[in-house]
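Listed below are the structures to be examined.
Look for subunit A in each of the two complexes below; its partner is subunit B in the first and subunit C in the second.
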Partner chain A sequence: MFRDALLVLGKDLRIEARAKVTLRQVAPFVVTVMVLFAFGLDRVLVRDANVADTVTDSVPAAYVVPGLIWLTLLFALLLVVSRSVSIEEEDGAGDALRLSGLDPAGIFLGKAGAIVVQLVALELLLVLGSMLFFQARLHAPLLLLSATALATVGMAAVGTCYGALSSGLRSRETLLPVLVMPVVAPVVLAAVQAWQLALVGEVGDGWPWVRLLIVFAVVYVSFGVLAYGALLEES
Partner chain B sequence: MSVADDVQLAPVKMTAPPAGTVPEVTVAMRSVVAVLGVFPALSGLDLQAGSGEVVLLRGPNGAGKTTVLRACAGLVPIQRGDISVLGCDLRKDRRSVRRRIGLLGHATSLYEDLTVEQNVRFAVRAAAGDVDRIPAALERLDVGGRLRTLGVMHLSAGQRRRVALAALVARGPRLWLLDEPHAGLDPDGRDLLDEVISEAAAAGTTVLLASHDVDRATRIASRVVLITGGRVVTDSVGDHHVS
Partner chain C sequence: MRTTATMQTSGVQTSTVQTLSWLTGLAAGASLALLTVLGLFVTRPDEVQGEAVRLLYVHPATAWVAYMAFAVTSLAGLLWLWPRTRKPLWDRIAGASASIGVVFTGLTLVLGSLWGRATWGFWWVWDARGTSTLLLFLLYAGVVALRYVPATRDARARRTAIGALIAFIDVPLVHFSVKWWKTLHQEASVLQPSGVQIHGLQLFTMLFSFVAFSLVYAWLMIQRTRLARWEDELEAGGLDAAIVARQSEGSQHLIGATS
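Moving on to the complex of A and B:
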């Protein structure tokens, strides 16, 4: 299974390295969203502070930035998953993948792994953007890293499963967000909570959200490992 | 020295079955019924093919030729009947059988953003094949040399077809399912394809071939099966009509 996963992971990353879709299309989208949020929230945000300004009705960036990061990442996930699916739809490549004899669980792990790698690159961009546009200060790196890693795995797992489910459908582009967003919403909410608590310095309260993210990641990855074969056959 | 000269070529050899042995039944379809949407694509089809046979599937458009090939690969759900491929029930043991099947359909199943060699290498490694066969297979199909490192998106339709065939040769599956394999190839490419098919059959590979290029395909076929309305109408070996 892991040999097959590495093979598919390498293939998807090689394709991305040559096509540069995430770099040239998704990354600019992410930056644009951050810039628009920065302008849109300019008057209500207190930058470089963790407490609200009582004179104006402003809110501290520490409460807003996590939501912006994870919401933007959710939109980026849809684009990355859509691309991951379209790779297998080009010129009947999906049939070849099914006929390859690769372990479906390995294919799932490989494709989800490639999505994780791309999301991590986008997360770095988002964090840099939030530091630049919102002067966000990162605290509690262990909590942030744990929450980010687990949420990324959970999102990638959900995206990979629903990507396979929507593959081959003419309405895939519109169906994918409808399918993915409700399922991935708890992951996003938990990640936002953990990040907010980390940024405002309430680290102890953030760990229960990480435990919830562990549950989501385990459930979604397990579901993908078990169900991906059937999803692949039905697509 | 060309790039191709740098490559240490490994011969693409297949082991022929011992002389005098009875051909092993590779494909056995019994009373197979398959419905695509509301359209009955196969209506109780019976077909058998043995090792080393090249079976040409003939018939008008919509007769069920492509469905037969895809059903043999387990890509079409069947409502009734049995399909046994390489001694395994396709419903129960699909994954292990598929590794020994090669399907070349209307699409070439290549990744546009990978190079020729990366595509073939992925196909071979996915099927747990021998990567040492890749250089020789690429040279055999005339897509070695400088083409190896070229992205598939830059190739012509005929060259893509050759790359897909090179992947098939390098993998060396026991059953080849070819749907209009001559389409898109130039005359030299068609001759080369015929040679490759004949070599594979001589080495014991079973080839099921659907083609409208009947004159050419008949020359390499050991049997011609006429399919109409999802059923086998005639099954002939030369002039001898079996049914």
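Moving on to the complex of A and C:
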């Protein structure tokens, strides 16, 4: 299963390295959303952040930036998942993958893994952008890293399952957000809470949220491993 | 012979379902009428909440039906996915129950909003239970949307079943995440270990509302499941009719060619 997962992961990342869709399309989208958030949340993120920077250690940024990062990442997830599905639809690649005899669980882990790698790259971009544009100051690296890693795995697992479910559908672009966003709502909530608590220095209160993220990731990775065969059968 | 026997069995089943439909419809109608009388005329306004307390006789019951409907959807989806128990009936039940569940979740939200306005002064409060219900509504609205995407019968059934399962296992995660987030809602009054806080006729009317709305759910389920079966038959019949028409065209062409 893990050998098959590595094969599929390598394949998806090689396709991305050649086509550079995430780099050339999703990454600029992520930066654009961040800039638009500055306009949308002008009072907190721009005006008060500069004032607070000299007075109270940039508290507004600590409360708003986690939401900005995770909502933007959620939008990016939809694009990355859609891309992950579309590469299997071209030239009958999906059929070839099914006929290859690879373990469906391995295919799931490989595709989810490729989505994780791309999301991590986008997260780095978002964090650097938040530090640059909104004076966000990171604290409690262990809490931040655990929450981010688990939330990314959970989101990628759900995205991969629904991606396979919506494969071949003309209405995939409109259907995916309706399906994925409510399911990953607990991840967004938990990740935002953990990040906020880390950024304002209340690290101890952040760990229960990490436990929720562990449960979410375990549940949906297990579901994908068990059900991906049925999902592939359908598409 | 076999076809005649199948048709006879199907006829018997149709008449049984018809009778069941009538009986459930009558029971649902009668219990709703009785609930209306009890809820609006027999029970008294509350000392604290006034007339708004009458929402107690509809709001918890619609929430109960919504949860029951989603549980039925998941169970029917599982039965369809399991190869040994796979039957078109399970898919029809899953689809019907998901749609009814979304309607009842919507009703729960609207009634909860009305109650919130009457008691807290706001149409919407971000409390744990209300937020969970809103997310539940959105989760299953997605499943229903997935079901309405044009597809073959098997593909649609598989999508509904898997989509419903993904949503169902999310329900406890949504519940706990939102509960930790914040809560303002009243704690469950009937199931509290310290004892029941609602008394007498009020309690009876509320419990009766669970029966009445469950009957409404059962009646709607029968109607929606039958409708889904007729749609399937129409689709299959339509294809058969098209094949027959095409074949007759072909034979006419042959007759024309030989004459």
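Before moving on, here are some points about what is shown:
Just so it is clear, the second predicted complex is superposed on the first by the 220 of 235 C-alpha atoms of A that agree within 3 Å, B and C clash if a C-alpha of one lies under 4 Å from a C-alpha of the other, contacts with A are read in each partner's own complex, and residues count from 1 in each chain.
Everything below uses one rule, namely that contacts are C-beta pairs under 8 Å (C-beta built on N, C-alpha and C of every residue); 3 or more make two chains touch, one makes a residue touch a chain.
Keep in mind the model is a prediction, meaning the values are calculated, not measured.
Applying the stated clash criterion after superposition on subunit A shows that subunit B and subunit C can sit side by side.
When both complexes are overlaid on chain A, the residue A:Gly92 reaches subunit B alone and has no touch with subunit C.
More residues of subunit A lie in touch with C than with the remaining chain of the pair subunit B and subunit C. Residue contacts after overlaying the shared chain place A:Leu212 against subunit C, while subunit B stays out of touching range. Applying the stated contact rule after C-alpha superposition, one finds that A:Ser171 touches subunit C and leaves subunit B untouched. After the chain A superposition, the centres of subunit B and subunit C are separated by 80° when viewed from the C-alpha centre of subunit A, nearest 10. By the document's definition of touching, of the two partners only subunit B reaches A:Lys11; subunit C does not. Using the contact criterion defined above for the overlaid structures, shared-chain residue A:Ala230 touches subunit C, although it does not reach subunit B.
When the two complexes are laid on top of each other via chain A, the two nearest Cα atoms from subunit B and subunit C are 5 angstrom apart.
On the subunit A side of its complex with subunit C, the touching residues are 158, 161-162, 165-166, 169, 171, 175, 178-179, 181-183, 185-186, 189-190, 193, 208-209, 212, 215-216, 219-220, 223, 227, 230-231, 233-234.
Subunit A meets subunit B in the complex at residues 4, 7, 11, 14-15, 18-19, 87, 90-93, 95-103.
Interface residues of subunit B, counted against subunit A in their complex, comprise 73, 75, 95-96, 98-103, 105-114, 118, 122-123, 125-128, 151, 160. Residues 81, 135, 138-139, 141-143, 145-146, 149, 151, 154-155, 158-159, 162-163, 165-167, 169-170, 173-174, 176-178, 180-181 of subunit C are the ones touching subunit A in the complex.
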